[in-house]
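What follows is subunit A paired twice: with subunit B in the first complex and subunit C in the second.
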Partner chain A sequence: MNIQVDLTESDNILEGFIRGEIDAHTAPVLREKLETYQNHQGLKAELDLSNVNYMDSTGLGVFVAFYKSVNSNGGHVKLKGLSARLKRLFDITGLGDIMDIESVGKGGN
Partner chain B sequence: MRPFDYVEMRVPAKSQYVGVARLTISGLASRIGFSFDDIEDLKIASSEAVTNAVQHAYAEGEEGEVVIGCALYEDKIEIMVADHGQSFDFEETKAKVGPYHDQEEGAFLREGGLGLYLIETLMDEVKVHHQEGVTIFMTKHVEGEQVEKDVETVSS
Partner chain C sequence: MAQEIENQYKEILNEYMKKQTEQNLYVGQNFSRQLILENIAPEEVISMHKAAIQELYSELPEVVWHSFDFLIEMMINYGLALQERQSLLKQQEELKVEMDLAANVQETLLKTKLPLLEGLDIGLLSIPARKMNGDYIYFVSDHDGYAGVAVADVIGKGLPAALCMSMIKFGMDSLNSSHALPKDVLSVINRIVEKSVDDSMFVSMFYSNYDAKQARLTYGSAGHEPAILYRAKDNEFSELFAKGLLLGVSPAAVYEEHTVDLEKGDLVIMMTDGVTEGRNEDGFIEREVIFELIERKKDEPAQSIVQYVYDELERMQNAQFQDDFTLVIYKKV
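Presenting the complex of A and B:
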């Protein structure tokens, strides 16, 4: 029941690797780290979730908040490497249609 | 003799126990023979319910406990999550829990947000009892053959 968040930013391109479980306990850690970058103008963020083995609505909430902030500052957020389970979570909540999401099964890396 | 085995957990209303409850329920569900996907659904639904209870306790400034009761049948699991610390009688509380009404529980739904929506989507039956705290009561049935289940998943 842990989370590891590694974010690297250079030339307004944010690369992130998130590992572990995102729930009510770990989501605040993720939120805090992402908040550091969400107000950068024109940020291009790519977050790799291929090692996230559990997520619930608290995680969705964090990504939605980040997505909204970055978008309103003219940036873009891409989530990649999602397992079928994770992708499903975005799909059943309707977020899959709104956000840029690349799952593992769909030509992802 | 009761037609089910009953397991009850009582945890502090703190977020670090959400994962503990989730893993325990995952273990119980695999005893009954739920598929991998169904167990993942159960993990999310139970986490949402316990998270709601924990956040409710925080909002009230209480240092309460969350009670999680699981009734294990041959072909289904019933999970009850109560955000008020007093011990509850599973059968008695189950009888009191009414159907879920969108309008009446509107405030709770907004508060619960996506969480309650996910619970309703991932479980077969959900009831919410909103009196002396909130109790969420949810049921999931073991699906038929694994092959059938896989076909369903693909086609959805």
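Presenting the complex of A and C:
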């Protein structure tokens, strides 16, 4: 039950590395860190989730809220390094179609 | 009363000073519990101690009495902290009563009735992980051979989630038809949720409509865990996938719908991710495990299958469900 969120921003480009588990216990930590940036105009955010080994629907909620905010401020969110399990979560919820998502095994399953 | 306590204290202290046995200490421990019950502050205990020592050993030097006065002063903030704790405990108790009340209201408000349909056996179990259930299940039935069922999971927990569910319920009630098509139901609820819910709260929902005469299930999904179809004649499980975005993300979302005709012995398994996202020490409980459980009991009534899956998953997770659990099984008989 732990999470590590490293965010660095320069010239309105936000780079993030998230490690650990994103669930009801850790999601507030992530939400709070992302909220610092979500109202920047035209923010380009790229979040690397390759070291996220578990995420539940609460975690999904955090990313959707971030995505909606950034989008409405003319920015863009990209999530990359999604494991097959995470990718499935985004696909089932239909978020995979509206968000910019890149999974680990591109082209594979 | 206070005088009585002081006398008792003096007596217990005196006994201890004379003998210093374990038994004396034990009596002292019990007495301190009584003091806490009577709301006696720590500084009062020291005052009492000082008074008792003064009576018993009046010849002690002045410095000893001064030191007690100093100690009493030191204890005053501890006394205040204790008071604060007690008032917090009381508040917590009040909150708990309110939560219980809210949970009861939720239960009454969201109650649903299993429809009676020719040739369909329905099993249902919905168990919250905490006090308020974030899963929601609702049947729409007009006793005309049609029934709709919504299986929803509100992302975001507790009280706000419960309020959101009431909204869904009223949205469904406003449609008021067991003939309504999944894509229409999902669109209507999507617009309701999108307009009125906070940005980080979303709902996933599976909606299906069953026509008993033709044994036809029409289904759609708004970002929900796909339902599973078990075909008795092939002895195989497959996903009933339908494309659709979570409710509350975009007002422009459109929902697919598909149909499937059920044959004797077929099962449709509808659930929330509390069923599929179980974890034990070895990792995730895979979906195949759930299929296996269902297959083992496929010849029993739908309610027995549902109960068996719950019991077994509970056992695998040492009775610790992390998420609300909702499972509905339709069995064509």
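Quick notes on this one:
In this text, the second predicted complex is superposed on the first by the 106 of 109 C-alpha atoms of A that agree within 3 Å, B and C clash if a C-alpha of one lies under 4 Å from a C-alpha of the other, contacts with A are read in each partner's own complex, and residues count from 1 in each chain.
Here is the rule we go by: a contact is a pair of C-beta atoms (placed from the backbone, for glycine too) under 8 Å apart; a residue touches a chain by one contact, two chains touch by 3 or more.
Just so it is clear, the structure is predicted and the values come from calculations on it, not from any experiment.
Superposition model on subunit A: subunit B and subunit C are shown in a clashing arrangement.
More residues of subunit A lie in contact with C than with the other chain of the pair subunit B and subunit C. When the two structures are aligned on the shared chain, A:24 is found in touch with subunit B and with subunit C.
Residue contacts after overlaying the shared chain place A:69 against subunit C, while subunit B stays out of touching range. Look at A:98: by the touch rule set out above, it reaches subunit C but stays clear of subunit B. Residue contacts after overlaying the shared chain place A:60 against subunit B and subunit C alike.
Applying the stated contact rule after C-alpha superposition, one finds that A:15 touches neither subunit B nor subunit C. Stretch 279-287 is the one of subunit C that runs into subunit B, the other listed stretches 189-197, 279-287 or 297-305 having no clashing C-alpha atoms. Of the residues of subunit A, those at positions 23-24, 54, 56-58, 60-61, 85, 92-93 touch subunit B in one of the two structures and subunit C in the other.
Those residues of subunit C that touch subunit A in the shared complex are 153, 155-157, 199-202, 204, 222-226, 243-246, 249-250, 253, 273, 277, 279, 284, 322-323. Those residues of subunit A lying in contact with subunit B across their complex are 1, 21, 23-25, 54, 56-58, 60-61, 85, 89, 92-93. Here subunit A touches subunit C in the complex through residues 23-24, 31, 54, 56-58, 60-62, 64-65, 68-69, 85, 92-95, 97-98, going by the rule given at the top.
Put simply, subunit B touches subunit A in their complex at residues 15-16, 18-20, 22-23, 37, 40, 43-44, 47-48, 51, 54-55, 113-115, 117-118, 121.
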